[in-house]
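Two complexes, one shared chain (subunit A), two partners (subunit B, subunit C).
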Partner chain A sequence: MIRVELRKLVGRPRTWISIGLLCLLPVVVAVLLSVTEIAPRPGQGPTLLSAVLGNGALFPAAALGIVLPFFLPIAVAVQAGESVAGEASAGTLRYLLVRPVGRTRLLVAKLVSIIAFTLLAVVAVAVVGYVAGVTLLGTSGTLTTTTLAGTTLTPADLAWRTGVMVLYIGWSMVGLAAVSMFLSTITDSPIAAALGGLAVLVSSTVLVALDAAGSVRDYLPTRYWLAWVDLFRDPVPWGDLTAGVLVQTGYVVVLLGAAWANFTTRDVTS
Partner chain B sequence: MSAGEERAVVATRALTKRFGKVTAVDALDLLVRPGDRYGFLGPNGSGKTTTVRMLLGLVHATSGDIEVLGRPVPRAAREVLPEVGALVEGPGAYPHLSARANLRLLDAAGPARSGGAGAEPLAADTGSRRTRRRRIEDALEQVGLADVGRRPVRTYSLGMKQRLGLASALLRGPRLLVLDEPTNGLDPRGIVEIRDLLLGLNAAGTTVFLSSHLLAEVELFCTRIGVLDRGRLVAQDDLDALRGPTGRTLVRVEDVAAAEQALGLAPGGDTRRDGELALDGTSVADVTDRLVRAGVRVLEAAPERRTLEQSVLELTT
Partner chain C sequence: MSTVVSRAARRRWASVAGGTALLVGSLGVAPWAWSAVGVAPTSASAEAVVERALASGDVSYSATGESRGSLALPDVRGFGGLASLVGGTTRTRIWWAGDSHWRVDVVGLTGEQDTYGLPSSTTTWDYETRRLVTVAGEPSARLPRADDLVAPRAVQRLLSALGPTDRLSLLPARRIGGRDADGLRVVPGDARSTIARAEVWVDRATGLPLRLRMVDRAGDDALVTTLSGVRLGRPDDEVLRPPTTSTARRELETAPDLVARLAARSTWQMPDELAGLQASDPAAAGTPTYGTGLVRVAVLPLPGRLTREVVANVTSAGSVSEDVAGGSLVRVGSSLLNVVLAVGDDGRHAYVITGLVDPTLLDELATELLASPPPLRYGR
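For the complex of A and B:
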């Protein structure tokens, strides 16, 4: 079943269109930066962007910083909202279940497919970001990279930091996907499930910025989303990153558990 | 073959489903025997589809038991369902893929074939690429879709989608076919083709459970009928029994008034219909004898038989 889901993912034009669109925005930004050479001042504009003019090799991270607040979550929420509700609205859910495909199996296969999509999207943005960064912005001439802290990184350092970043962002997205996937088992409308996930995202973003919400802030899903920026400091402060992984894991476990409990016991009337 | 073959193909006991306060299906005792062509009749909203969904383990019963192919559902659904082909409330397919691609995905999604009751590992059940392709081509051929090529399902007519739905039901060579309104959207010729196909499969041993609100379709195809009305099974019998004699005798005569007089009936009474007389408590022999003696010429005399439509309307009002 997992193979079938992955085949569906790869065979669907929408998968590639949404990944293509995700990659487009960072490329546009890179083109504008290289043409104008006007960088946002440090502390302003998208994360890390101020640093990339000096070194295109940092651009993958900057590219993810550009798509992370909004575009990537939209793509992931749509994909996750589609998971069960999409089959229901296409009328294929009942035929899969009487084929028979066990409900738990189906849910696991959907989850794997969403994770695959998320990683694919993150890696695609990182790779396109690297290519665009190096070709349009150039490397700094030396093989080392300056961190936000002003120290230098070797290419190997940069590689593992970027790798960890991809995984961290991927896992943050899985946290969001869990929301939409849970909703997807409740409603038969994929759009409703996707928008529900985005509503949680927006609410969380608003609350994180609100001082009055200080007591719950540390438990909000988007609280540590940007903590991967820490990976480009030296030495890496692991505190927020660890907390972020734990918070996301909590959401993933609870919401996927709820999705499983709901889906395996509910009546399929679509 | 195992003992499961001898038992009922579908049996439910006091099967009940409530959605909130609404009782959709109420204490249903269905019995479908091996080889039956079972017609599950009922007006829209009478609970047919809910029942079908319960038989397939999609909807969970509030109370009561279900056995399909001798095994409890939904508990043993995993062993039972590979031997059941189903079409529930219209076909479902991925619109951007072709019929073949849809069937390939569906075929690959499930188990190769369960070790369900009596299932022997047949050569045709191995999952090699070649047998899978063969199976898909056979199913498409059976429903008349062999030539559709690579067009995506999105471009299909309703009738073609319906045929694709049937193909996916037939894909695994099931012992039981559960079909909900299978001729929906088909033209008259398509309906005949599908009926012939189902008759052929039935003759080869497949039990068919056909749920429909179309009396004519059921009357032409089924051997056994269950009638559902507002969630209750109001009749379950062989078609011939449901179309059985009413006990009345119908007589057509040249002179109705004379016949009424000869039989001692009030002129123009309620036994009279369109130049015929419908008589209670008599027989063809008896009534013709009396009429001939009185010099009334009899054109036709026969025991009255109900049409299926009459029986069902009587049962569901």
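For the complex of A and C:
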């Protein structure tokens, strides 16, 4: 079942179009930076973007910083919202379940497919960001790649930090995907499930910035999304990164549990 | 869409609800409950707790810090990030090997500013401007920095300023960041202080101050600074060494900010006493501090051109200029920190007068200074 879902994911043009669009914006940014050599002023614009001129090796991080606030969550929410509701709206869910396929197995297969899409998207943005950065913005031949603390990053340092960043952002997106996947089990409309996930994202983003929400801030899904920047500090502060993984895990466990409880007892009519 | 309600469904939803409750309990409620569990009262006196806090300057530790200020000051050019420092939230990372060997990072979403305290200098690294600035020595006066608001430093500064009339009492001990802490309440003995009370919590094991809460006369929190995630032990020397990146703009300064530069160039011989308050540091004759205990007022002379700029900045933010004998006053107020700009009619004498005191006291100092302008310092 998992293999079938993964094959469907890889074979569907929509998957590659959405990943292509995700990668397009960072490439456009890299081209513009390379042509104009005008980077945002330090402290302005997307994270780390001010440091990439002449330091193309840092561009994967900047590329993920560009797509993280908006485009990546949209792509993941649409994919997750589509998972069950898409089958229901296309009228294939009933036929899928009489093959016979256990509902829990189907849900697990859908979940694996969403996680695969999320990781694929994040890795694609990072890889395209690296290629675009190195070819268009140059490498650190004259400029040393440094942490936010000003200490030098060796290529090995940069590689493991970028790798952990990819995994961390991927897991953060899985938390959002869990919201849309849960909604996907209670509605037949994929768009409604995706928009529901995005509504949670926007609400959480607003509350995180609100001092009055201080008592619940640490438990909001987007509270630690930007903690990946900590990977480029020296020494790396692991506190927020660990908290971010735990919070996302909490949302994933609870919402997937709810999705399972709802889907396995639901009366499937479409 | 209809749902088949069955025993199996109820069992599944019950297991999800149970799991959720367990998760919320372990992640959300348990840490709160642990911090609320009572801590045995201390056997030490309030004075002993003060002594231990003041002696903790050489306790080595690493921690994270957060300070929240609610002092609404206008953002005046030349006065750095003072307004955001005392009027917003500042997150820090701290490595402390002693009073003359430390590092404090101000952590932002997209960058950081790191300050390294060394025996004879202070070095600041700003990621966003890529500037590495070293300031030799310690000036007689300077603007507050983020490291001044780190709980141990802020508490030690407060407690070392206490006068004989300020009252101390113990608060119930509590847990701060997982550590048992003895509580202390400080109430200024002089009603002219804008501090209604200050509450201090000091680590029972080491004497390290972990939290400071300053409450204004309206009963609101004016400044709260807390240390968390404390790990005792000397940080690595590597962490305490300023970066040596070749891409940084390196600068060597003799003064860290505008206030320090003005203090060093002050041309006036300030009086030893103003409005009944004695100069507490006569050695800093150019920029003295007046008063004792928690009623202290700093006076900073301003040069003419800068005065016009500062007054224009402050009045554009809503402050009103009021004429008095010998000059004019512009007041900038917050619940805790008050500032008066006193500008002489001669265009040569101007001062910033500030302190955690009632504005009427600042007015008294200002009018006295304007009525009898100080002479030029000897030899200048």
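Note that the second predicted complex is superposed on the first by the 266 of 270 C-alpha atoms of A that agree within 3 Å, B and C clash if a C-alpha of one lies under 4 Å from a C-alpha of the other, contacts with A are read in each partner's own complex, and residues count from 1 in each chain.
Just so we're on the same page, contacts are C-beta pairs under 8 Å (C-beta built on N, C-alpha and C of every residue); 3 or more make two chains touch, one makes a residue touch a chain.
Small disclaimer: the values here were computed from a predicted structure and weren't measured.
K.L.:
Clash or fit: what happens to subunit B and subunit C when subunit A is overlaid?
P.N.:
By the criteria stated at the top, subunit C and subunit B fit after superposition, with no clash.
K.L.:
If you tally the residues of subunit A touched by each partner, is the higher count for subunit B or for subunit C?
P.N.:
Touching more residues of subunit A than the other partner does is C.
K.L.:
Let me test your reading of the model: by the given contact rule, A:152 touches which partner, first (subunit B), second (subunit C), both or neither?
P.N.:
Touch partner of A:152: subunit C, not subunit B.
K.L.:
Check whether A:238 is in contact with subunit B, with subunit C, with both or with neither, and answer first, second, both or neither.
P.N.:
neither
K.L.:
Touching A:160, do we find subunit B (first), subunit C (second), both, or neither?
P.N.:
A:160 sits against neither subunit B nor subunit C.
K.L.:
Check the residue A:246 against both partner chains and state whether it touches subunit B (first), subunit C (second), both, or neither.
P.N.:
Only subunit C is touched by A:246; subunit B is not.
K.L.:
Should A:91 be classified as contacting the first partner (subunit B), the second (subunit C), both, or neither?
P.N.:
Only subunit B is touched by A:91; subunit C is not.
K.L.:
Which angle, to the nearest 10 degrees, do you get at the Cα centre of subunit A between the Cα centres of subunit B and subunit C?
P.N.:
140
K.L.:
Given the touch rule stated above, what does A:254 touch, subunit B (first), subunit C (second), both, or neither?
P.N.:
In the superposition, A:254 contacts subunit C only.
K.L.:
Pick out the closest CA atoms of subunit B and subunit C after fitting on chain A and give their distance in Å.
P.N.:
5
K.L.:
Across the two complexes, find the residues of subunit A that touch subunit B and also touch subunit C.
P.N.:
Residues 265, 267, 269, which sit in both footprints.
K.L.:
Note which residues of subunit C are touching subunit A in the complex, please.
P.N.:
Its residues touching subunit A are 1-6, 8-9, 12-13, 15-16, 19-20, 23, 27-28, 64, 89, 93, 105, 107-112, 114, 125, 127-130, 132, 229, 239, 242-243, 245-248.
K.L.:
Could you please specify the touching residues of subunit A with respect to subunit B in the complex?
P.N.:
Subunit A residues touching subunit B: 1, 3-4, 7-8, 11-13, 90-102, 265, 267-269.
K.L.:
In the complex formed with subunit A, which residues of subunit B make contact?
P.N.:
Against subunit A, subunit B makes touches at 53, 56-60, 77-78, 81-82, 84, 86, 88-97, 101, 105-106, 108-111, 168.
K.L.:
Touching subunit C in the complex: which residues of subunit A?
P.N.:
42-43, 47-48, 50, 143-144, 146, 148-152, 186-188, 211, 219, 226, 229, 233, 235, 237, 239, 246, 250, 253-254, 257-258, 260-261, 264-267, 269
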